[in-house]
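Quick one: structure below, then a few questions.
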Amino acid sequence: MKTHTDVTLFRRCAAEGVGSAFLLAGVVGSGIMADRLSGGNAAIALLANTLATGGVLLCLIAALGPISGAHFNPAVSLADALGGGLRPKELLGYASSQLTGALAGVATANAMFGLPLLSIAHRHRSGAGLWLGEFVATFGLLLVIWGCVRFRSTLVAPAVAAYIVAAYWFTSSTSFANPAVTIARSFSDTFTGIRPADVAPFIAAQLAGAVAATYLFLWLVPVSQRQAKALLLPHEEGTDAA
Amino acid sequence: MKTHTDVTLFRRCAAEGVGSAFLLAGVVGSGIMADRLSGGNAAIALLANTLATGGVLLCLIAALGPISGAHFNPAVSLADALGGGLRPKELLGYASSQLTGALAGVATANAMFGLPLLSIAHRHRSGAGLWLGEFVATFGLLLVIWGCVRFRSTLVAPAVAAYIVAAYWFTSSTSFANPAVTIARSFSDTFTGIRPADVAPFIAAQLAGAVAATYLFLWLVPVSQRQAKALLLPHEEGTDAA
Amino acid sequence: MKTHTDVTLFRRCAAEGVGSAFLLAGVVGSGIMADRLSGGNAAIALLANTLATGGVLLCLIAALGPISGAHFNPAVSLADALGGGLRPKELLGYASSQLTGALAGVATANAMFGLPLLSIAHRHRSGAGLWLGEFVATFGLLLVIWGCVRFRSTLVAPAVAAYIVAAYWFTSSTSFANPAVTIARSFSDTFTGIRPADVAPFIAAQLAGAVAATYLFLWLVPVSQRQAKALLLPHEEGTDAA
Amino acid sequence: MKTHTDVTLFRRCAAEGVGSAFLLAGVVGSGIMADRLSGGNAAIALLANTLATGGVLLCLIAALGPISGAHFNPAVSLADALGGGLRPKELLGYASSQLTGALAGVATANAMFGLPLLSIAHRHRSGAGLWLGEFVATFGLLLVIWGCVRFRSTLVAPAVAAYIVAAYWFTSSTSFANPAVTIARSFSDTFTGIRPADVAPFIAAQLAGAVAATYLFLWLVPVSQRQAKALLLPHEEGTDAA
């Protein structure tokens, strides 16, 4: 049976793009809806935003994981490349598809709710506490991914969804944990937006968290040369799907 | 062991009808209950409606999937027919059972809450944003179904439930994504109702989304002749269940 | 490996009793907590009550299913007996353990919250709409159980939990769907209570729903003599667990 | 393939520490966020706190279970030792790592939200009802763990998460059910804090509940000498992961 490793890079990038588009449509769209309906109670709005994000992550990882690995996240693709899973050319293709898809997703969300396709967000998200939040959020995300991919690949979809549901609430930054998501959310001046000036430190913290978790995990579960292949994100996924 | 392909078409249509009835009873009934209890906070009402819809989808797909494929949705049956899974005669049987069941479910919900069995809804649901919402909602639904059915059929039930939970919030139309559901909901003048005049464009957008996602997926994961059988919705389901 | 069929009836009844106690402690206790914290918003209280009930069902069925079948419900045990799974003596043992456990669970919940161990509920729950609700609720519960047990026994726990989460909202009676639960809830004068005078018609509707769903399913998926064993609730569960 | 039994004790303790840190960051951080956003409605705050705790438990058990068994809880490690799974030296290492990690997690949560790293909680949590609550909460937790580990180890992560989601609501004490969590939560003067003076009786009730459930389960499902190995928590986990 064909696994995603047989799928051409172009198709895998298409899957990353479509998935990232739905992820962002999910995050931004549900933020708009929740904000409109919640009557000013931010906790209720965030609960709805959380459920929608968890739901969309679970189904997208389940559906597209066997095709592209379902990263939808340049930080995850970078960690995968560090672990030997993606070659530099693939990493470039993945990251650019994720960003393009994410922007398309934001535009779709805005259009569905009758807003301009893209608008510049004005929501402040800055400060040491929030940057620590993004470091912690992405550190935890990669820890969960590496742990599940290594031993229990069928649990990746529910575990990542459950993690993000939790991290929306336990990190002070509401867990962007994804550079493509962060950039794209600066183009929607709504509940889930982020001021462009606040994007760069978020991304720096995310990449630092992803790299730190990757090296921690490699120390926690040392892998022999023979086992190395099984550690790669998309390969393990593909094996599971086959 | 018997799979649903051995089950006579009549029994499979009965399963589609019973399942569609419970789906609509779930959607409409929980809408009435949520509306009554939520004290006017639409976000809380939609949260409850969302949970109930996700729950009823998960258990119905798990329980009836092995019998009929658990479509409960003419757009899904049409996509399945496009992919070669259902013959025209079966498609007709499925769609009419889904519609009949859906109407029975609405009547049951109305009766449980002491309302007239059927009433004409007055809730406006119209406009380009909402039609785009229905296109996106059904496009995503089919993408999730094709992705999971193809590689991870045991995840179809949780993935579809998670998708609809999300789409209730991230689409401007609250994701009807189902022609039988759309028609049936025009017969309950309650929280989840839709004005009959608004039904047709919703259905057009849904069918367009379903067809587009089906062709995208066929391009994303080309299937050789030998593998074609495994792609059919109900067959794959049946294999899993056997 | 030992399956629950090797477990003596006494131990299986103990498992049914302990499970029923935790089920009722979960339902009644979370009702008290939700009622106290929700500031009068009944939808928020029912959301919390719903989540807690779904959670406790999922974990109890997962943990105790391999021992006793995890019925915790005389209507389920009766349906199992109709299908040939439980002998009359076992049915009697199961039902009495379920009722005893349920009462102990209510007393535990009341005690945890500083209330008298048992008190007579005064909450009215009566009328044709609610009785239809109980019929529908128990009909659906058995449909889900038979469907999952027959083809996908690993999904019984999440599917039953998801069903009850939904049915709390889509049935007008908030889905008691369980004679032991109904009787026990008449002994807590709190959010989830039911007036003793309203118990009998609820139970009648529940039993009718359970029997109707059982016969529908037997028609929907006819079973040959050779396959009959696999249809029995606890046996199938035991096979899965072994 | 390597299982966690091959992992050195030091690495297993590191996994327990990291996991306990994320568990506490999840519990305490989401409590702070929920309290800030909920506008004074304690039920909405607890709903958010519940979802976050369930999410973080599910993903941590899935990701780290294969490495250390994912106890994150001295009461669970003690029960495992009683069952023959952990030797005294390992129990000591596990418990001290759990406590250290838990304190680090609380400090991280406080830092993310701009609070002093550690502060003494002032929230009263005392009385017979609450102590009974902790006994019931930990009793149920161990019952769920033993039941799932014994027969269905892949369900441990969702079942434990679902149990704690429920127990937050159905126990009067909101289910600490974990001595390391209890001590650590006394160092955050926020929504989830507990006054230091109230810690000792909580821990006593927790240990009593864990021991009682362990002996009940050993009676419920007697294990022959040959099967004994499969009963040990981390071994069973390891087998599942391999």
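Observations on the structure shown:
Letters are used for the chains, namely A, B, C and D, taken in the order the chains are written, and counting of residues starts over at 1 for each.
We take it that a contact is a pair of C-beta atoms (placed from the backbone, for glycine too) under 8 Å apart; a residue touches a chain by one contact, two chains touch by 3 or more.
As the structure is a computational prediction, the values presented were derived from the model and not from experiment.
Although subunit B and subunit C carry the same sequence, what matters here is overlap: shared residue numbers make up under half of all numbers found at their interface. Distance from the subunit A centre to the subunit C centre is 39 Å, each centre being the mean of its Cα atoms.
Between subunit C and subunit D the centroid-to-centroid distance comes to 27 Å (mean Cα coordinates, whole Å).
In subunit C, the residues that touch at least two other chains are 41, 44, 47, 54, 158. By the contact rule set out at the top, the touching chain pairs are A-B, A-D, B-C, C-D.
Note for the complex: subunit D touches subunit A at residues 1-2, 7, 11, 14-15, 18, 22, 25-30, 33-34, 37-39, 41, 44-45, 47-49, 51-56, 58-60, 62-67, 108-109, 111-114, 154, 157-158, 161, 240-241.
By the touch rule above, subunit A contacts subunit D in their complex via residues 41-44, 46-47, 50, 54, 127, 129-130, 132-133, 136, 140, 143-148, 150-152, 155, 158-160, 162-173, 216, 219-221, 227.
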